[in-house]
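Shared between the two complexes below is subunit A, which pairs with subunit B and subunit C, respectively.
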Partner chain A sequence: MDPGAPLRCVRDDVADGATARQIAMIAAFFERLNETQGLNFSVFYDAFDRSRFLTGLWTTSYICVVAILASLLLGLLGVWVAGSGSRLGRLLVRAYVQFFRNTPPLVQLSFFYFAVGGLLPTVSDGFGGQSPLVSGTGWAIIALSLFAGAFNVEIFRAGIEAVPSTTVEAAESLGYTRLQLYIHVVLPLAFRICLPALNNNLVNLVKTTTLAYAIGVPELLYAASQIWSESFNVREMMNVLLVTYVLLVAVLVFVMGRWERAMRIPGYST
Partner chain B sequence: MASRHQLGEPVVVVAGVEKSFGSFKVLKDVGLIVRRGETVCIIGPSGSGKSTLLRCINGLVPISKGSITVAGREVNDPRLDKLSLRRDVGIVFQQYNLFPHKSALQNVMMAPIHVLKQDKAEVEERARRLLAKVGLSDKLASYPGELSGGQQQRVAIARSLAMNPKVMLFDEVTAALDPETKKEVLVTIQDLAAEGMTCILVTHEMGFAREVADHVYFTDGGLIVEHGPPAELFGAPREERTKAFLDKVL
Partner chain C sequence: MSAGATDLPVLLPYRAPAPIAPSGLAAPVLLGGGTFAAFAILFGASLALAQVTARPAGEGATTVLLRWAPLIFQGFLFNILISFLSMALGTLIGVLVGIAQVSLVAPLRKTAWGLTQFFRNAPWLVLLFYAMFLLPFEFRVFGLTIAFPAWVKAIIGLALPVAANVSEIVRGGVRSIPSGQWESAEALAFTRRQTMWMIILPQAFKRMIPPWMNLYAILTMATTLISVVGIQDGLTITRAALVAESRPELMIPMYTLLLLMFFAYCYPIARATMALERRFNVKA
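Entry: the complex of A and B
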């Protein structure tokens, strides 16, 4: 869980000749833009700012990917337990969904970081100091996964309810157990039905990662704010930030679109 | 006509079965026997509990009272392995209920692979054979949404047959089809019956029932009003209610 690690591979000295030349050209352009127009896009020419920004981008991407996967798992687990016929299980899932759906994600995040995190023991960091058991990034992932997972439970439930009972009955009459029924029939159909809603929720999750700023996680917004408070380029950094999020969401939407197309069934419309 | 007793041993025995949904009694003291190799038709007005009876036979719906045995096993014994029951009882529904996300071939292969854990190559060979038998060799890769109603219904029949059931239940399987496609499905069922498959057919096709059935049951209001060989039941019904029903539908 070291979000800084893979950065090494994007450092200039590792890039091959052609890429290095391109980077140098871009840097020269933005340096001139700063000198002539006073538009200071420091992340494009200043190695330090760029590295900070890329660390932020990496951290945000990392939180997004892990939280998306974890929230999908939580959603699946939630509908499974809620539908298993155990009263206690159903109650627990309902409580979970209600709690995370009806409270602000920023409060959830603070709750985990300050209240829960404060209760956990610290561990030796190997340099004679003590560091928390779960890092800020760790808490951000946990809180955001739970937050998005609660919505995923509801989304999957709606999708599963939309699978015709007659199709379920056909599988049951062929001897499918509940688990087999879910894996081979219900979930593949429910997934297709709920993809649009799932899309929305995951896009929302990507945007919600900015809340991790509040607990000092070095994600994109945090990196940007550090840069603009030192380079005095708030307006420029705001633009960079917005465009970066647009691109991040575009990547997600592209992946989801590919997935949706891969799952399209000939002659079947949901 | 062969006497019923010359046929095989009983495969399905329904005795004194009652079924209520809440306070509404759908089945009131229903009894019937189906022997191995026999084709039994159940006719009767809509809402008389025919579908419910079929669903009770393969344990999709629990009964309130009475007993149903399939191949000697009590369906409502809580210790009964539902899987082994459903493996013995194939059911085909009015609305086909194919798996829409799988091709025709996959629809037929799924249960033997997932449920019976049979070898994939063997299952595929059998599935191809079954689909050829119902006349769909050229539609193996088609998805349900790309098939006509009659074609879908024949895939559904092949899907049930792939489990090698001891008895096949058909619930108004041609009711949603137009007259032409109806025929192709009926021919498929007729071939099956001729090969010795034990079949219970709920149907509104009186001509078909008369032709293929060894025995016909007439139900009304959750009761078996009358039963007998088709020639007797259609030719000389004893009960007023049977007469009235046949007058309406024939």
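Entry: the complex of A and C
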């Protein structure tokens, strides 16, 4: 053990104590608010409600992160297949994009969860019961990734097309091969061009995760509805929920905005 | 020195490069038809499979489907009706908020901006819950009781995010008009109101139509959310039909049927939006 360890433990304890005191203070404040004003923000003082809400928040964040990564991959894969010159591949990608863009995400989710999920075999869960091969959360991630991925294909394609043809020609005349051209010239520019649209789509994806409620995934909206049906505080929970989602989106927008600024090429405006 | 002996790229024979990005794909109408056909085939195949694997005692899958199809279609029409009404209400509010967003009065502009951002960034389903649970089920005005049924509340709940998006569209449309237009109008002694109504909005209007149509398509697809809050729409009826028949092999055909209905309605709108966008877009 390094000599600094005990000291750090002490400091951690102090910090923990301070945080615990703060949490207790917040809890006391909201409990008073409930008694005096009748505003029942149970998530802030009731440990059970809080843990349910935080579990919901965790599930929503988990679905968001996995679905964002998967949809980005799908988008890249789609644009790669569409650009690879195979006629069949191109048609398949176009059909995929058009279908997922023009049908309701909720019906897609129901289709996957009830229709496709119902056909898959169940596996033994080790306790003598049977559990489905893909859980509700899994289907939510699959359906949302496919939905957002369809939009991402279009966004990446538009970005690649928006790279000025003169830039491409200049690179060609300098003797770049097709692969080099993509890696060093087209993709870096295209990526910067499509960041704003991508940003929009990812925000949309975060908002669409609420649909998982419909198939009983214990995400934020589901947790909130459980809390308000037991604590009878629909109005308060609604507002907490709205603010939480706006904050979630704000975090994403902030991160993407920082990234966009960091990626900016000085003097090159899109 | 022969051409093959050099490694200088400029001296190598020129080969026309493959096209950089997929462009000029199959004709759009053909593509839409193709997608539709592909899913119709999937639908047919799953139906045939259901027909074959049906229990010997039960009726054929097609019979069951035909019995329910009119009802599902009615539910789908209800979705369309809801989408019309929410769009009308949302557009009305959204245009007002959008004009407030470009007003010169700072508090008005900032309030409108805040409202727009808030409702644009909140999930549609949460806003729908908000409207469903927090609006009263009836109003009392001067002893007169006005009932406020669930579907009216759903329309309001869907109109909230629509209004915020329309507001953004209006703001973007007005902002997209070059400032030279404002300045020349000022030089010609137009007042601000005259400039807005006679010069800016007529030009901006054209540019607002494609995103507005796009929003309508998004709204139409979002109307299925009302099934979550317990209103009978196409999705609810599909689900109820499946529960009533309790035939798992019918699930894929039934859901595909509903998906096809929405696709047949939304795809032409998307196509028209893109066509309009191309027409109004003046390439630099």
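The rule we apply is simple: the second predicted complex is superposed on the first by the 243 of 270 C-alpha atoms of A that agree within 3 Å, B and C clash if a C-alpha of one lies under 4 Å from a C-alpha of the other, contacts with A are read in each partner's own complex, and residues count from 1 in each chain.
We take it that a residue touches a chain if its C-beta (ideal position, glycine included) is under 8 Å from a C-beta of that chain, and two chains touch if they have at least 3 such contacts.
Everything numeric here is computed off the predicted structure, so don't read it as measured data.
A.B. asks: If we overlay the two complexes on their shared chain A, which of subunit B and subunit C does A:235 touch? Say first, second, both or neither.
C.D. replies: A:235 contacts subunit C only, not subunit B.
A.B. asks: Regarding the shared-chain residue A:107, is it in contact with subunit B (first), subunit C (second), both, or neither?
C.D. replies: second
A.B. asks: Classify the contacts of A:266 with the two partner chains as first (subunit B alone), second (subunit C alone), both, or neither.
C.D. replies: first
A.B. asks: Given the touch rule stated above, what does A:180 touch, subunit B (first), subunit C (second), both, or neither?
C.D. replies: A:180 sits against subunit B, while subunit C stays out of touch.
A.B. asks: Taking the superposition on A as described, I'd like to know which of subunit B and subunit C A:249 touches: first, second, both or neither.
C.D. replies: Once the two structures are laid over each other on A, A:249 reaches subunit C alone.
A.B. asks: Does subunit B (first) or subunit C (second) touch A:189, or do both, or does neither?
C.D. replies: The answer is first: A:189 touches subunit B but not subunit C.
A.B. asks: Should A:172 be classified as contacting the first partner (subunit B), the second (subunit C), both, or neither?
C.D. replies: both
A.B. asks: Answer with first, second, both or neither: which of subunit B and subunit C does A:157 touch in the superposed model?
C.D. replies: second
A.B. asks: In the superposed arrangement, does subunit B or subunit C reach more residues of subunit A?
C.D. replies: Counting contacted residues of subunit A, the larger count belongs to C.
A.B. asks: So which bits of subunit A does subunit B touch that subunit C touches too?
C.D. replies: 172, 174-175
A.B. asks: Which of the residues in subunit A end up touching subunit C in this complex?
C.D. replies: Residues in contact with subunit C: 82-83, 85, 90-91, 94-95, 98-99, 101-108, 110-111, 114-116, 118-119, 157, 160-161, 163, 168, 172, 174-175, 178, 181, 186, 203, 206-211, 213-214, 221, 225, 234-235, 238, 241-242, 245-246, 249-250.
A.B. asks: If you look only at subunit C, which of its residues touch subunit A in the complex?
C.D. replies: Within the complex, subunit C contacts subunit A at residues 9-10, 12, 17-18, 20-23, 25-26, 31-32, 34-35, 38-39, 118, 121-127, 129-130, 133-134, 217, 220-225, 227-228, 235, 238-239, 242, 248, 251-252, 254-256, 258-259, 262-263, 266-267, 270.
A.B. asks: Which residues of subunit B touch subunit A in their complex?
C.D. replies: Contact set of subunit B toward subunit A: 58, 60, 82-83, 86-87, 89-91, 93, 95, 97-101, 110-111, 114-116, 142-147, 156, 159-160, 163.
A.B. asks: Provide the residue numbers of subunit A that touch subunit B in the complex, in ascending order.
C.D. replies: Its residues touching subunit B are 164, 166-167, 169-177, 180, 184-185, 188-189, 192, 263, 265-269.
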